[in-house]
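Here come two complexes built around chain A, the first alongside chain B, the second alongside chain C.
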Partner chain A sequence: MRASATKTPRQTTRVGHRARAQRREAVALVIPALLPILIFSVIPLVSGVALGFTDATLKRNAEINFIGFGNFIELLGDSRFWESFGIGIIWAGSVALLTLVCAMGLALLLNSDLKLKGLTRVLALIPWAMPPVVIAIVWRMIYNPNSGPLNGALEAIGIPGVNWLGDFSTALPAVILVGVWSGIPQTTVLLLAGMQSISAEQHEAAAVDGAGVFRRFWHITLPGLRPIIVAVTALDFIWQFNSFGLIYVLTEGGPGGRTMIPPLFTYLEAFRNREIGYASAMGDVLVIAIMLILSLYLINQFRQTKGSRS
Partner chain B sequence: MNTKRPWYATVLMYVALAAFLFFLGFPLLWLLSASFKSSGELNSLAVNLLPAEWDFSNYGAALERQNLLLAAGNSLFVSIATMLITVLLSMPMAYALARFQGRMRAVGTVWILTSQVFPSILIIIPLFLVLRTINLNDTLFGLILVYVTFTLPFTLWMLQGYVAAIPTELEEAGEMDGASRLTILRTIILPLLAPGLVATAMFTFVSAWNEFFLALVLLQSPEFYTLPIALRSFLGAEGQTQLGPLAAGAILATIPSLIIFSILQKKLTGGMLAGAVKG
Partner chain C sequence: MRKANNMKRIRGIGAIAFAGIAILTLGGCQQGSATKDSNDGEGGAITLQFQSLSDQPDAQAAVKAIVDEWNAENSDVQVEIVQAGWDGTFDKLVTQFTGGTAPDIIHYEASSIASFAADGYLADLTDYIDSDLKSDISDGIWDSVTQDGEIIAYPSTLQSYMVFANADLLETAGVEIPTGETMTWKQLQEMAAATTTGETYGLGWGLASPTATIMSLALGFDGGFFSGDGTDASIEVGEAELAVPELIHEMTYTDKSVDPTSLTQSGSDVLASFYGGKAAMTVQGSFQATNIANDAPEGLNWVALPPLEGSEGAIQAANPQTYSVNIDSEHVKESAEFLNFFMSGDNLAQIAYADALIPSSDSARAEVEKLAADNPAWTQVLKSGEGLVGPPFLKVEKYTEWKDTVATPAFQQYLADQITADQLAEQLTDGWSSIAG
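And now, the complex of A and B:
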């Protein structure tokens, strides 16, 4: 503090020069990271959006024609895409909500006075550390109708086994369970951090006033966590809506398209059917959907901060 | 907290904790046990967490088959290169983001957040075209370039959080002594940033090591396969899959990230929160 006070007179006489020097410095610092971002991220992003308005295919040296909203008009009548879109909403919504519920439970347990917390904290990170492909491989083994432990356990107590990932009715729930499993650690960590920022005194004061565990959770923990809960759930939803590897390795969208989430559908259209123009149009629709969700979240946040200020 | 709780509530809480531990830990345990089981036992419905007879041949078989060793080498190379390049590129910008307020910071933050929610399928299509025209698709170098771009946002986010945690007074003192910006960066900021830098680098390494989608799109030749892609091709048709070697390979692919995550355990939350609070 004292250092900056003694510096002030000199600073004011050279402020123009300093500002310019600082700007030059900032530019020099930013350029190394900015170049790859521009070349491999911003330009592809813009051209990706633009490709949706063309008839581009993966063929080498093929002519690309601008076809306006042609792809989008075709997409409107493409029931397979909208089915996939619906599955994506169900998948992302269920995973985000169930993850929140599970992670909240786990975070509450980890925030209490139980023993074995340290061990649990370390072990709870396992799903976060495992590569998605490995997660999918393990769960394929667990769900395997002929050699998986799930059916093994069911059969041991006399219940007939189920072809979890192959049956039309169980495939999507089975995949959702894996999504929840892999999402719990990250959400738990964030909720736990939020809980630890709520002061213990508040809890103790409420406890002295005779508030039970559930009332304290409802009236102190939950309101205090609200911003984190909303942010984490919105992000979870968007991440799951965009996820690819887990379901690709688990089911490849099957059986009969029951787990065909939109990124998978778009990938197959682009790299199997080689229709990248049409696939990019699908991507554009996904971006619009995500932006809608995001703006809902931001409006909600904005209202919150305005409400708390007034 | 010293609030009274009936004994049955404590019991229930321990039951719930045990259930969570089982749910979260069982898949890895099952994979580990499968990697030591004989193919006969693997194809039965018996639920043994401990193999009836220990079979250590799966690991050898995994390394021999499908060039898994080559794939592990590719993964290691790609992950280390991605880590080094990303951290080197992002260090200066993270510093600028944390220290220079103003329009650039706002734009940077918005871009970082956008990149977290943007569907990568829409970016990978044009990126694939760009890499194909410069003949870098289906090469490890091309994959590294793509990984650097995709890991930059989060790396920047994490790093700028660590920079922001370093008090500016230290730099001002250096400035008073007439040190140039470069000297200040090298002698004051860098040593203080080292722990955060290591954590960020490790996180970048794991992201590249675990990545599947971009590698799936960009790599076609088996000799360039990274570990996740090789494991996936290992899966093949359900009937012929040799579960033992597959499980062994999956365990080998998990070990590096598991080690790094257990080291990062505390840092991970700290860094993310630092970023979140300062952002």
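And now, the complex of A and C:
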């Protein structure tokens, strides 16, 4: 009794000691990996967020004052920013959804037993290998109202040409089309990987039971791909919402602000107007908006894992 | 033993962390320090970095020749050209100034460089400017580069907007080429209507970025847009200011003599249609005279028409190209000395002639007249130079901001027939009040 009584505390101190040592060891192992994240990711992010609460400008030796929520209150009444926010949602939403639909079709095609499967898969990846600026320049040539091949083809069959990027009604759809084109490969690859992880036995069993191609797609392929579809679409939305280069080169936000997505608007505020504080506040609002979307996705994922466990 | 090991490890982590912090602080220091570029060369010679935007081949060669001449004569102050282009210069300068890597001598234009002067990045050159040069350039032009009583740049060459015409198409349409001192808007409108046929538009006008052109030509109708200066400037958009956009709108949508597609394109895109005979006339910056002379297909019989005259005369905005000196340069004095040499009559004339721009100084203008004696297009370029006056917007601190975020989209919408002239005036005015605060 006595012996054990004295023994227990001694043991706990030893365990506590070891645990502490282990913890130190763990910290030692984690810090080298954490440092780059801290330096290149966390510190810029935090300082960027913090700038949103100041009146910082790009003036020489500018004096920076903390102004609390001043920028955000001003932003609340800035109708031009919210207009651009709306355009951003339309842009990112339609690009994400259309990309999903097109990529699904392409992935199904590539997944079937076609001849030259290897070649077609490589071809489908080409847009991925092109930097956004190059894509934008090529598409600007295609859309050129006077000498572009698109209008050339239309005029050849008797339809009058359209000023794709200059016309107020076609500029945003034209830009969305380019966004979809450049986004397809990534989504296709992920969907294709997902399709190949669905076991062939399920399809065979369904076929034996008399299910046609469409029913098999609806009841086997689609449910099997669901987590991938949700993840890919959410990520696509975020990427597109933040994309800059493509639209900047295609239209620079024109005509008349019709394609002025929030990153472009923020860029104008930061580099043209040199109001870094206000621009950072815009950035903060965008981060919050994206986190909201991301949280929807995470909640969805969380529910799913919980559902499959129980 | 283990404890000792742990201690060592922890000390190791400390060292890594310390190194990381050291890198950060060093980086921070570098950001704060001024020009690291004006290194002292060998034997005490200093090197000045000169960021030049003259990107047309002829102008590039002219700039290089002048710099080479200076370098040969001044072994102790060497100038190094950093070639850049006009596109994206504003962003580039913002980054260079903020990052402390801006060159010593900066080439740009008056309306945009004003922002950098307002932010305190440019040296006051008032005391360095050669007195002969000072009196050789008109006060109006000096005024366009003066801010708060400080001259912040040397004004070098000026651009005017000119009408170029395809003489053959004009002749086919039975239109006589105007020969007077000036040409009224009415004349332009009638010529455009007369030359418009099924396949050809009378006028192609690259107005993708319409603000600068409209603000400049509006002066011909006494449309100044702004009054006052600095942060106290106020805007007024009335009949005089709307005259030019309304004329373009009328020609496009009532007369249908202006190609509506061209209004969404850049000037050089429209030149391609002009070369292809799809537009009988085109309005372009005078500098395009050089490009047309070089690039126009053989057999294209082109002429430059007399300067456009509004109700107040053939007046356009003088928005000169500028050469400024970085305030953080270690060699402001030497940079200014080089610019005094660079701006001398002969040198400036060479650059202006190569670029088809109007030189700011009288002696250079006289020299260009000699160089261009047998070139008919040049007669018109020089004639249009006589009507250049300092525009009110050069004095407005937040002009660039208003131009890019308010005016350009508003003019684009009006020229695309999306809004009325009243709505245009309202957008321009309201946009200014929201920017000026």
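Methods note: the second predicted complex is superposed on the first by the 272 of 310 C-alpha atoms of A that agree within 3 Å, B and C clash if a C-alpha of one lies under 4 Å from a C-alpha of the other, contacts with A are read in each partner's own complex, and residues count from 1 in each chain.
The criterion applied here is as follows: contacts are C-beta pairs under 8 Å (C-beta built on N, C-alpha and C of every residue); 3 or more make two chains touch, one makes a residue touch a chain.
Since the structure is predicted, the reported quantities are computational estimates derived from the model, not experimental observations.
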item	value
Touching partner for A:L125 - first (chain B), second (chain C), both, neither	first
Chain B versus chain C as contact partner of A:E25, first or second or both or neither	both
Touching partner for A:N146 - first (chain B), second (chain C), both, neither	both
Partner chain in contact with A:F168 - chain B first, chain C second, else both or neither	second
More chain A residues in contact [chain B versus chain C]	B
Which superposed partner A:P255 touches (first chain B, second chain C, both, neither)	second
Common ground on chain A, meaning residues reached by chain C in one complex and by chain B in the other	25, 28, 32, 43, 60, 146-147, 271
Chain A - residues contacting chain B, complex	1, 3-4, 7, 22, 25-26, 28-30, 32-34, 36-37, 40-41, 43-45, 47-49, 51, 60, 102, 105-106, 109, 112-114, 116, 120-135, 137-142, 146-149, 151-153, 155-156, 161, 181, 184-185, 189-190, 192-193, 200, 203-204, 207, 213, 235, 238-239, 241-242, 244-245, 248-249, 263, 266-267, 270-271, 276, 279-280, 283-284, 286-287, 290, 294
Of all residues in chain C, those that touch chain A in their complex	2-3, 6, 9-10, 12-13, 16-17, 20, 23-24, 90-91, 94, 97-98, 115, 119-121, 208, 260-261, 263-265, 269, 272-273, 276, 278, 327-328, 398, 400-401, 404-405, 408-410, 412-413, 416, 418, 434-435
In the complex, chain A residues that touch chain C	21, 24-25, 27-28, 31-32, 35, 38-39, 43, 57-61, 78, 80, 144-147, 163, 165-168, 253-257, 260, 268-269, 271-274
Sites on chain B touched by chain A in the complex	1-3, 5, 9-10, 13-14, 16-17, 20-21, 23-25, 27-28, 30-31, 34, 42-47, 88-90, 92-93, 95-96, 100, 104, 111, 115-123, 125-127, 129-130, 132, 145-146, 148-149, 152, 156, 169, 172-173, 175-176, 181, 206, 209-210, 212-213, 216-217, 227-228, 231-232, 235, 243, 246-247, 250, 253-254, 257-258, 260-262, 265, 268-269, 272-273
